[in-house]
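Data first, discussion second: the structure below is written as C-alpha cells.
Letters A, B, C, D and E mark the chains as written, and numbering starts fresh at 1 in each.
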Amino acid sequence: MNPDLKLWLIPILPLAGAAVNGFFGKRSSRQAVSVVGLFFSGAAFAWALGVAFRFSSLDLPYQEYLAHWIRSGSFSADFAFYLDQLSLVMLLVVTAVGFLIHIYSVGYMWDDPGYYRFFSYLNLFMFFMLTLVLANNYLLMFIGWEGVGLASYLLIGFWFTKDSAASAGKKAFIVNRIGDFGFLIGLFLLIQHFGSLTFSQVFEQVKPMSAETAGAGLLTAIGILLMVGACGKSAQIPLYIWLPDAMEGPTPVSALIHAATMVTAGVYMVSRSHVIFERAPGALTVVAVIGTLTAFFAATIGITQTDIKKVLAYSTVSQLGYMFMACGVGAFSAGIFHLMTHAFFKGLLFLAAGSVIHAVGGEQDMRQMGGLRTKLPWTFWTMTAGTLAIAGIPGLAGFFSKDAILWRAYQASWAYWLAGVVTAFITSFYMFRLWFLTFFGEYRGAAATADHGSHAAPGAHGGHGHGGIHESPRVMVIPLAILAILSVIGGYVGVPGSLGGNNRFDHFLGPVFRATLPAESGQTQMGEKGATEQTTEGTEPKEEASKELMFTGISVAAAFLGLGLAWLLYYRSPDLPARIAHGIAGLYGVVSHKYYVDEIYAAVVVRPLVNGSTSILWQGVDRKVIDDTVNRAADGARHVSDEVRHMQSGNLRSYAGWIAAGAAVLVAYMVWLGVAR
Amino acid sequence: MVPLSYYLVLSGILFACGVTGFLIKRNIITIFMSIELMLNGVNLSFVAFAAHWHQLAGQVFVFFVMVVAAAEAAVGLAIIIAVYRTRETLNVDQVNLLKL
Amino acid sequence: MTMLLAQMQAIPQSADYVRILPELVLSIFGILVMVLEPLVDEEKSQKTLGMIAFTGTAAALISTWYMAQSPGLAFSNSVRVDSFSVFFTFLVIAIAAVVILSSFEYMAVQRIRAGEYYALILFSVVGMALMASAIELVMIFIGLEISSISTYILAGFRRHEAASSESSLKYFLLGSFATAFFLYGVALMFGATGSTNIDIISQKLQSGPAQVLVYAAMAMMFVGLGFKVAIAPFHIWTPDVYEGAPAPVVGFMSTAPKAAAFAVLLRVVFAINAPGRFWFLWVAAALSMTLGNVGALVQSNVKRLLAYSSIAHAGYLLVAFAMTTPENFGTGISAAMFYTAAYAAMNVGAFAVVSHFANAGERYVTLEDYEGLGRSSPLLAATLTIFLLSLIGIPMTGGFFAKFYVFSAALRANLVWLTLIGVVNSAIGAYYYLRIIVVMYMRESRKEVPVSPIPLGLALALGISILATLYLGILPNRVLQVAQHSAQDLLPDLTSAPASTAQTPHQQPISRP
Amino acid sequence: MISIHLILFLAFGAVAVAGAVNLLVQRHPINSALSLIAVMAALAGEYLLLGAEFVAAVQVIVYAGAIMVLFVFVIMLLNAGVEEQTKGSRVAILFGVPGMLLGSLLLAWVVLKHSGTGEVAVGALPGAPNVIGGLLFHEFLLPFEITSILILVAIMGAVVLASKPTVAGGGPARKVQD
Amino acid sequence: MNIDHLSPYILTLVTFVPLAGALLLMLLPRRDRDIRIFSLVITLLTFGLSLHLPVYLHRAQAGFQFEIDKPWISSPNIHYHMGVDGISLWLVVLTTFLSPLCVLISWKSVHDRVKEFFILLLILETALIGVFTSLDLFLFYFFWEATLIPMALLIGVFGHERKVYAAVKFFMYTMIASVFMLAAILWLYARTHSFDFVVIRDAIAQHQVANFPAAAPWLFLGFFIAFAVKVPLFPFHTWLPDAHVEAPTAGSVLLAGVLLKMGTYGMLRFNLGLFPEQSRGNAPWIMALALVGIIYGALVAMVQPNMKKLIAYSSVSHLGFVVLGIFSFTQSGLNGAMFVMLAHGVSTGGLFMLAGVLHERRHTYEIAEFGGLASPMPVYAASYLFIVLASVGLPLLNGFVGEFLVLSGAFQAKPIYGILAATGVIWSACYLLWMFQRVFYGKVTNPRNDSVADLLGFEKAAIWPCAIAALVMGVAPIMWLAAIDPAVQAALTPFAQVLSKVVSQ
C-alpha cells in the first residue's frame, strides 16, 4: 500500500505563492515579495526532493486522486496525479532549475517596478508546469499545457509597454494555440475510441494492440496529432517561429521557460505517450524527421544571429530537435536524458548571457561586446562550462546525452545520424562564436555607463549609480555556479556502456519505457532493438561497442572542428566573417533572415486572413449581402405602401369607381357560382 | 300582362344610371341626385317583387326607403352646404384635401 | 278576418317594450339632452349635457341587463333578444359611454356645441342597438341608416374645418352609395324569398337549393355591409374620413358602427348561412389585412395611420368568418365577437389619447408632434403604449387573444394559408405601431407641443379602456364563454327556423282581401 | 298581342329612362333635378300600374314634391352653375364604368333568366292606404316609430351642419390643413 | 420556514419578485439614489431566492421539479404551468446572478430617467426568468414576447448614437421571426387543445396528433426560425452587433448574457423535445450553419475596430458552439452546450461590463482610441485579462469546459465538424488577445488616456463576481454538470428511439 505523498501540494504551493504576490505584492516590500516567491518555489522543490527520497519505497506508478473535475455521461476527467520515474525526473528538473532561477531573478529583476508581478507570474508558471508533469490524464495535462502557455504569454509580454514584447507574447500564445488545436483533436480521437483520457486506462487498452503498418491507422493519427501539439509547445518546425521572439521577455524567463522547462513539455508528452507512438511507426517517423530538420535548420540560423539571446534561442530550438529525434527513433530515455542535461546547460547559458547583458547595461548585440573575460570572471567561467557542455566536448553533460541520441539515431537510420553530427558541428561553431565574440578581443561597445537604465529591462541595476562593467551580484552568481557544476557532472548518471559506464539513467527509466513494447516489434523497430541490447550491457558484442566508440569519436571531432572554425573566424582573424558573408551574400542573407519564414507566414496566412475577413466577410457578406437584403426588403415594403397610398387619390369618384369595380367583380363571381352550381 | 322581369330590368337600368351618374358627374348635388335615382330603381323592384309575391311588405319597405331618402336628403344637402361654405365649390374633383 | 286576428295579436305587450328597453332609454335621454341644451349656458353645457348623456348610457347598460332577462322575439318578429344581441347592444352602449366620457374636455377645447353631439351619439347607439337585435331587414335597414346618418353628421361636426366637412361629405356620399347597393341586395333577396325576415329567409334557403337571384342578392348585400365594416375593396373611404373627422368621433365610428355592422354581417353570413361566400371572405380578409398594414407603413398622421390599421383589423376579424363547415361556425362567431370587443376596447382608448393630445383645432396629430411625449407626459405615453401593444397583439393584452382566437379558429378549419398571411401581417403591422412608441420614447421633441393635464373624464375613459384591454388579455374566459353562448343562440336558426316561426303564427303572407 | 298594359308600362318606362339619361347628360344641375322629377313621376305611374296606389301617391308628394324641391332650393341657394368637366378621376372611368356595365348586364341577365316567369297583371297587389297603414301600425310598428328618431337625427343634423356659425362656433376656421 | 412547503411556489416567487419590485418602483419618488439601492435590493433578493433551486434540486432525478400547474384560462386551455429541470434551472440562476450586477454597473452610468431605466430592467428580468420557467407554450410565448419591449426600450431610450435604428432592427427581427413560432404553437393547439409542453410532447411521441407527420417539418421550422434569429445563427445575426453597440451596458449584459440563451434554450427544449425526428433530419445543415457561425463570427470579430462589436461577433461565434453541441445529439455535446451557455453568459457579461466601464471614462468603443491602458489602470487591465482568458477558453476557467465537451460531442457525431469547430479555439485567442494588446499594451499614445481612473468600488463589485464565477465554474464544473447531466440524458432519450427506428427501417 502506498503512503499518501500529498503530491497535490507540489503544484499548489507555487500557486499559493503566485496568489499571495499577485494580490498583496503591490503593497509589500521587495524583500517580502522575494521571500514569498522563493519560499513557495523552494517548498515545492523540497517536497519534490522528499518524494524522491521515498521514491524507492513506492510501488509504481503511484496515483493520487484529489477531486472530480468534469463528468459528462460516461466520460470523466479528474484532478488526479501520477508519479513514475519519468515524472519524477521532470519533477526534479523543473523544481530544481525553477528554484535556482527564482533565486537568480531576485538579483536580476531587483530594480524592476513590476517586481512583484514577475514573481507572481513565475510562481504561476511553476504551478502549471508541475500540473503538466504530474497529471494522470491528458486533460489535466492539457491544463498545465495551456497554463504554461499563459505564463509564458504573461512573462514574454512582461515589459508590455514595449510593443515588440507584447506582440511576441501574443504570437507565442497563438502559435501554441495552433499546436493545442492538434492536441485537442488527438484527445477527441482518444475519447472516441478509448472513452477515457486517463493514462493508465488509455494505455491498458492500447497495449494489446499491435504495431500498425506505417502510415495508416488510429494510433498513427493520434500520434501525429499529439506531435502537432508538441511542435507548438516545443517550437518545432513549422511552429518554432514564436520562440526566438519570445526572447523579448526578461532573461530569467528565457532561461526557465524557453530553455529549461516549458519548451521541453512536448518531449515529455511524447515520451509519456510512448505506448501509443511505439505502435505507430508512421507517427514515430514524423517525429524523427521533424526533430532532425528542426535541429539542423535552427542551427544554421543560429550561425548568423548577432543577438546573444537569439543565438541561444535558436540553439534551444535545435537542441529540442535532438530530443525529438531521439523520441522519433524510439530512444525515449535518451531524449529525456538530453532534456535533463539541456535544462542544466541551456539554463546556465541563458542566465550567464543574462548576467552579461546585465553587466553591459542591456546590450544584447554580441558585436557590441567582447573582452568581457576579465571583467566578468564568474560569468565567463560558468558560461565556458555551459558552452563546452552544449558543444559536446567529452566529459561534460551535453556530450553523454547527445552521444546517446546520435548512436541510437544511427541505429535507426544513418541519415538521422549524419544530420545530427553536422548539427553538432554547427552547434559547437556558433556557440564558440558566441563565446569568442563575447569574452575575447577588446570591448567594442559604447561606454556601458551611457545607457544605464535606459535599456529594455528598466534599470536592471539603475539604482546603484556606478560606471563601468561589473560582475553581477552574488545572488545571481550562485545559481550560475550551481548550474555550471550540474552541467559538468550532470552527464555521469548516463555514461553509456561503450565508455565503460552502465547507463544508470536508462536503467532508471527502463520500467517506464521498456515494459510496454508492442508484441512483435522485431525488425520494424530498429531503435527498440538497440534499446533491448543496451539493457543487456555485458552481452553486448564487442564490435557494436567499438562501432559506438567510433561514432562517438566522429561527433567529438565535429565538436572540436566547430571550436576550431570559430577560433579561426572570430578570434584569429575577426574580419574574415564579414568577407565570407559578403562572398555568399545571397545565402547569408536568407539565413540571417531566418529563411524569411516569418515574412512568408505573414504573407500567406495572416494578411489574407485579416484582409479577407474585413473586405469579404464583414463588409461583403455582413454589410452587402445580409443587411442590404433586409434593407431592400424593407424599402420594397415601403414602396408597395406608397403604391397602396396612391389608391387613395382623394377623389370621391375614384373611390366610387373602386367600389363599383369591386362590386362588379363580386357580383360576377357570385353569379358565376350560382350558375355553376 | 307584363312579365315581372321587365319591371326588374327597368329598375336595373335606373340603378345603373344612378351609378353612372355617381361616377361621371362632377357636381356634388347631381351626384347626390344620382343616388336618389338608384334608390328609385330599388323601389321599383321592391314594388314589383311585392306584386309578384303578393306581399305588401315590399310596398311598406318602399315607404321606409322614401322616409330614409328624405332624411338623407336633409342631412346630405346640409353637408353640401357646409362643404360649400368651406370650399366655395361644388366640383367634387376639387374636394380632395384628404388623400394618400 | 284573419287579418284582424293578426292585428289583434300584433298589438305589442309590455314584454315587447322590455325587449327594446335600452333603445327606449337612450332615445329618451337623447331627447332630454336636446331639450335641455338651450337651457344650460354655453360654458357649462359640455359638462352638464355630457353627464346627462353618460347617465343615459349607464341607465341603458342597466336596462340592457333587464332586457337580457327576457329573451325572445318582440314587435312581431322585428327584433329578437338573445345573448347575441345582448352582447352587441352592451358593447355599443359601453363604447358610447367611454367615448362620451373622453369627449367632455375635447368638446370644450374644440368649442363645439355639445348638445347635438351627445344627442347624436345616443341616437346613433339606438340605431346600432337595433341593428344588433333586429332580425327584420327593414328594421336592420332603418337602424343602419340611423347610425350612419348620425355618424355622417358627427364626422362633419367641426364643420368650419375644411377637412372635417370634406370627410363628412365623402362619408355621406359613399355611404349612401353603398346603402343603395345594400338596399338593392335586400330587394333581390325579397324577390328571391318573398320575405324580409331573416328567420324565414334562412328557412327558405335551407329548404331548397338557392337560386342565382340569391347569389346576386348576397353579392349586393356584401357590398353594402363590406362598406360599413370597411373591408377591402370597400375600405377605400376609411383613411380620408377618419383623418378628417374629430378624433373622439373616429374612436366612436371605428368601433361602434363597425361592431353593429359586424353583428349584421354575422347574422347574414351565419344565420342565413349565405351561400357561396367563402372565397369572397377569404380574399377580402387577406386583401384587407395586407392593404391595411402595408398602407399604414408610411403614414405620418396618427389618425390616418390608425385608420389603415382599422382596415387591417377588419381583415383579421374577417378571417373568423371564413368558416365553411357548420361545426366550425361556433368558434368562428365567438372569435369574431371577441375580436370586436377587444378591438373596441383598445381602439377607443387609443383615440381617446389622440384626441386629448390633438389639442385645439386638432393641431397635433402627426408623428413629429408625438416626439418626446414619453418625457413630457409619461402617463399619457404609457397609456397609449399599452393600447398600441394590444393593437400589435402582444400577449396579456386583449389584442393578442383576439388574434389568437381568430387564428386558432382558422387553423381548426384548416385555413393554414390564411392564418399564415394573417400572422405575417401582424408582424409587419408591429412596425408602424412600434414607430409611434419609438417616437414617443426614443426621439427628443423638436418643437414645443403643449400637453394639458389629463382631466377626470378622460382619465376615467382611459382607465376603463385599459382595464378592458388587460382584462380581455389576462382573463378572457368570461367574455369568450359569453361569446360562445351567443354563437349557439345565433346558430340554431339554421335548424330550428320552423320553430321560431311556429311561435309567431301571424307572420303568414297576407292574402288579398 | 300587345296589351294596353304593356304599352303603358313601356311608355312610363321610356319616360323614366329618358329622364335618367337626361339627368346624366345635362350639365346644369337644375336641369338634372327637373329630369329626376320626371323620372319620379314616371315611376309613380309604374307604381299605379302595379296597384301600389299609396306608394305612388307618396312618391309624388314626398319624393317629387318635398325632396326634389329641397334639392332645387339648395341649388338655388348655392346658385350652382354649369359643372366644368374637370379631369378628376381616371379610376372612375377605367374601372368604375366598365364595372358598372358588367355588373348591371349580369344582373339584367339574372333577372331575365332566373326571376321566375311570373307575369304581373294590372294592379296586381293593391296597396290601399288603409292596408298599408294597418301594416305600419302592427307588423311594422317598431320600424315606423323608430323612423321618428331618424327624422329627428336628420333635422338635428341639418341644423348643426347648415346653421351659420354661432357664438360657440368652432375654432379658427382653417380652410386647408396640411 | 418549511422548505418543502415553499417549493411549489418558489418559481412563482423568483419570477415575479422583480415585477413586484418594478411596480413598487413606479410608486417611489424620483430620488435616484434610493431607486438604485431599491432595485439592487430587489435583484439581490431574487438571486437569493433563486438559489433555493440548485440547493433543493434532486440532482439524480430527471424531469421537471418545483412544478406548479394551475388552470388559468379554460378556453383556450391555458395553464399556469411552471417548472425547471437541470437545464432551465441554471439559466434562471444565471439571470438572477447577472441582474444585480447590471444594477451595479448602471449605478453611475445611467443618470437620466433613472427610474424608468430600473423599472424596465426589473420587468426584463421577470420576463427572462419566465421564459425559462414556463412549461406552458402560451406562457412561454408570452414571456418570450415580453422580453422584447423592455429590451427594445432599453436600447432605444438609453442607448447611444444610432439607438433607434438598432432598437427597431432588434424588435422587428425577433418579432417577425417569433410570429412563425406563434403559428406553429397555434397549429399544435388546434390539434391537441393543450399548450402544456409535457402533454404535447407525449401526444406527439405517442402519435396522437392528427396529420402531424405532414406538418411536422413546417412546425419544426416555425420554432427553429424564431430561435435561430434569437441565438443568432449565422445568416440572421446582423441585428446583434448593432443592438450591442447601441445598447447601454446593462442592456448588453442581459442581451448577450441571457437573451441569446433564450434561443438556444428554445432549440434544446422545444425543437429537440417536440420534434426529435425532424431535429435529426435537419441536424446536418443546422450544424453546418453553426459551424459557419463559429468561424465566420470569429473572423469578423478579429477585424472589428469597435470593442463592443468585437465582443458581439465573438458571441455569434460562441453561440455557434452551443448550437453545434445541441444538434450533435451526444451526451457531452449537450452538456457542453449547456455549459457554454452559462459560461458565455458570465464571461461575456463581464466583458460588456468592462467595455462599459471604458465607455464611461472615454465615451467611445473605438479600439484605436486606446492603447497602453495597462499603465494607468492596472486593476482594470488585470480584471479584463482574466475575463478575456475565461472566454478564450483557458483550462481551469469556465470557457474551456463547455467548449471541450461540445467539441468532443461534435467530434463523436461528425469528426469533420468537430475538427473545423476546434479551429475556433485558435480564432478566439487571435481576436481577443489582439484586441487586448491594442487596448492595454504599448505606451500610452493618446494623451486623454493618461489620466483615466482605475476601477471604482461599485464597478469592482459588478465585475469581480463574474471573474470569481468564471474561476469556480472552471475549477468545479462538476457542481453544474451534476444537475445538467441527468436532464440532458432525459432530453436525449427520444433520440435513442429515433435512432433505433432509423436503424430498423
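Keep this in mind: a contact is a pair of C-beta atoms (placed from the backbone, for glycine too) under 8 Å apart; a residue touches a chain by one contact, two chains touch by 3 or more.
All values reported here derive from a predicted model rather than from experimental measurement.
**Q** Going by the contact rule set out at the top, which chains touch both chain A and chain B?
**A** Touches both chain A and chain B: C, D.
**Q** So which chains are sitting against chain D and chain E at once?
**A** A, C
**Q** If each step moves to a chain the current one touches, what is the fewest number of steps from chain C to chain D?
**A** Tracing touching chains, the least step count from chain C to chain D comes to 1.
**Q** Given the contact rule stated at the top, which pair of chains has the most C-beta pairs in contact?
**A** After tallying contacts for each pair, the winner is B-D.
**Q** Comparing centres built from CA atoms, which chain ends up most distant from chain C?
**A** Comparing chain centres, A lies farthest from chain C.
**Q** Can you tell me which chain is nearest the middle of the complex, judged by mean CA position?
**A** Chain nearest the centroid of all protein C-alpha atoms: E.
**Q** Of all the other chains, whose mean CA position lies farthest from chain B?
**A** A
**Q** Find the geometric centre of each of chain B and chain E from their Cα atoms only, then give the gap between the two centres in Å, rounded to an integer.
**A** The computed centroid separation for chain B versus chain E comes out at 65 Å.
**Q** Take the average of all CA coordinates in chain C, do the same for chain E, and state the distance between these two points in whole angstrom.
**A** The mean C-alpha positions of chain C and chain E differ by 45 Å.
**Q** Measuring from the mean C-alpha position of chain B to the mean C-alpha position of chain C, what distance in angstrom results?
**A** The mean C-alpha positions of chain B and chain C differ by 25 Å.
**Q** Taking each chain's centre as the mean of its CA atoms, how far is chain A from chain C in angstrom?
**A** Averaging C-alpha atoms per chain gives centres 81 Å apart.
**Q** Counting only residues that touch at least two other chains, what does the list for chain B look like?
**A** Counting only residues that touch two or more other chains, chain B contributes 8, 15, 18-19, 22-24, 31-32, 48, 50, 52, 54-57, 60, 64, 68, 71-72, 75, 79-80, 82, 86-87, 92-93, 95-99.
**Q** Counting only residues that touch at least two other chains, what does the list for chain A look like?
**A** In chain A, the residues touching two or more other chains are 645, 648-653, 656-658, 660-663, 665, 667, 671, 674.
**Q** Under the stated touch criterion, can you name all the chain pairs that qualify?
**A** Per the contact definition above, the touching pairs are A-B, A-C, A-D, A-E, B-C, B-D, C-D, C-E.
**Q** Under the stated contact criterion, what part of chain E meets chain A in this complex?
**A** 235, 238, 296, 299-300, 302-304, 331-332, 335-336, 372, 374-375, 389, 394-396, 400-401, 404-405, 407-408, 411-412, 415, 418-419, 422-423, 425-426, 429-430, 433-434, 437, 440-443, 475-478, 481-482, 485, 489
**Q** Using the touch definition up top, name the residues of chain C that touch chain D in the complex.
**A** 3, 6-7, 10-12, 20, 23, 27, 30-31, 34, 42, 74-76, 78-79, 110-113, 116, 119-120, 123-124, 126-127, 130, 136, 138-139, 142-143, 145-146, 149-150, 152-153, 156-163, 165, 168, 191, 211-213, 216, 360-361, 507, 510, 512-513
**Q** Using the touch rule from the top, collect the residues of chain D that touch chain B in their complex.
**A** Within the complex, chain D touches chain B at residues 3, 5-6, 9, 13, 16-17, 20-21, 23-24, 29, 32-33, 36, 39-40, 43, 46-47, 49-52, 54-55, 58-59, 62-63, 66-67, 70-71, 74-75, 77-78, 80, 83-89, 92-93, 96-97, 100-101, 103-104, 107-108, 111-112, 115-121, 124-125, 127, 131-132, 135-136, 139-140, 143, 147, 150-151, 153-155, 157-158, 160-162, 173, 175-177.
**Q** Which residues of chain C touch chain E once you look at their complex with the stated criterion?
**A** 374-375, 378, 389, 394-396, 404-405, 407-408, 411-412, 416, 419-420, 423-424, 426-428, 430-431, 434-435, 438, 441-443, 475-477, 480-481, 484
**Q** Applying the document's contact rule, which stretches of chain B touch chain D when the two form their complex?
**A** 1-10, 12-21, 23-27, 29-30, 32-34, 36-37, 40, 43-44, 47-48, 50-52, 54-57, 59-60, 62-64, 66-75, 77-82, 84, 86-87, 90-94, 96-97
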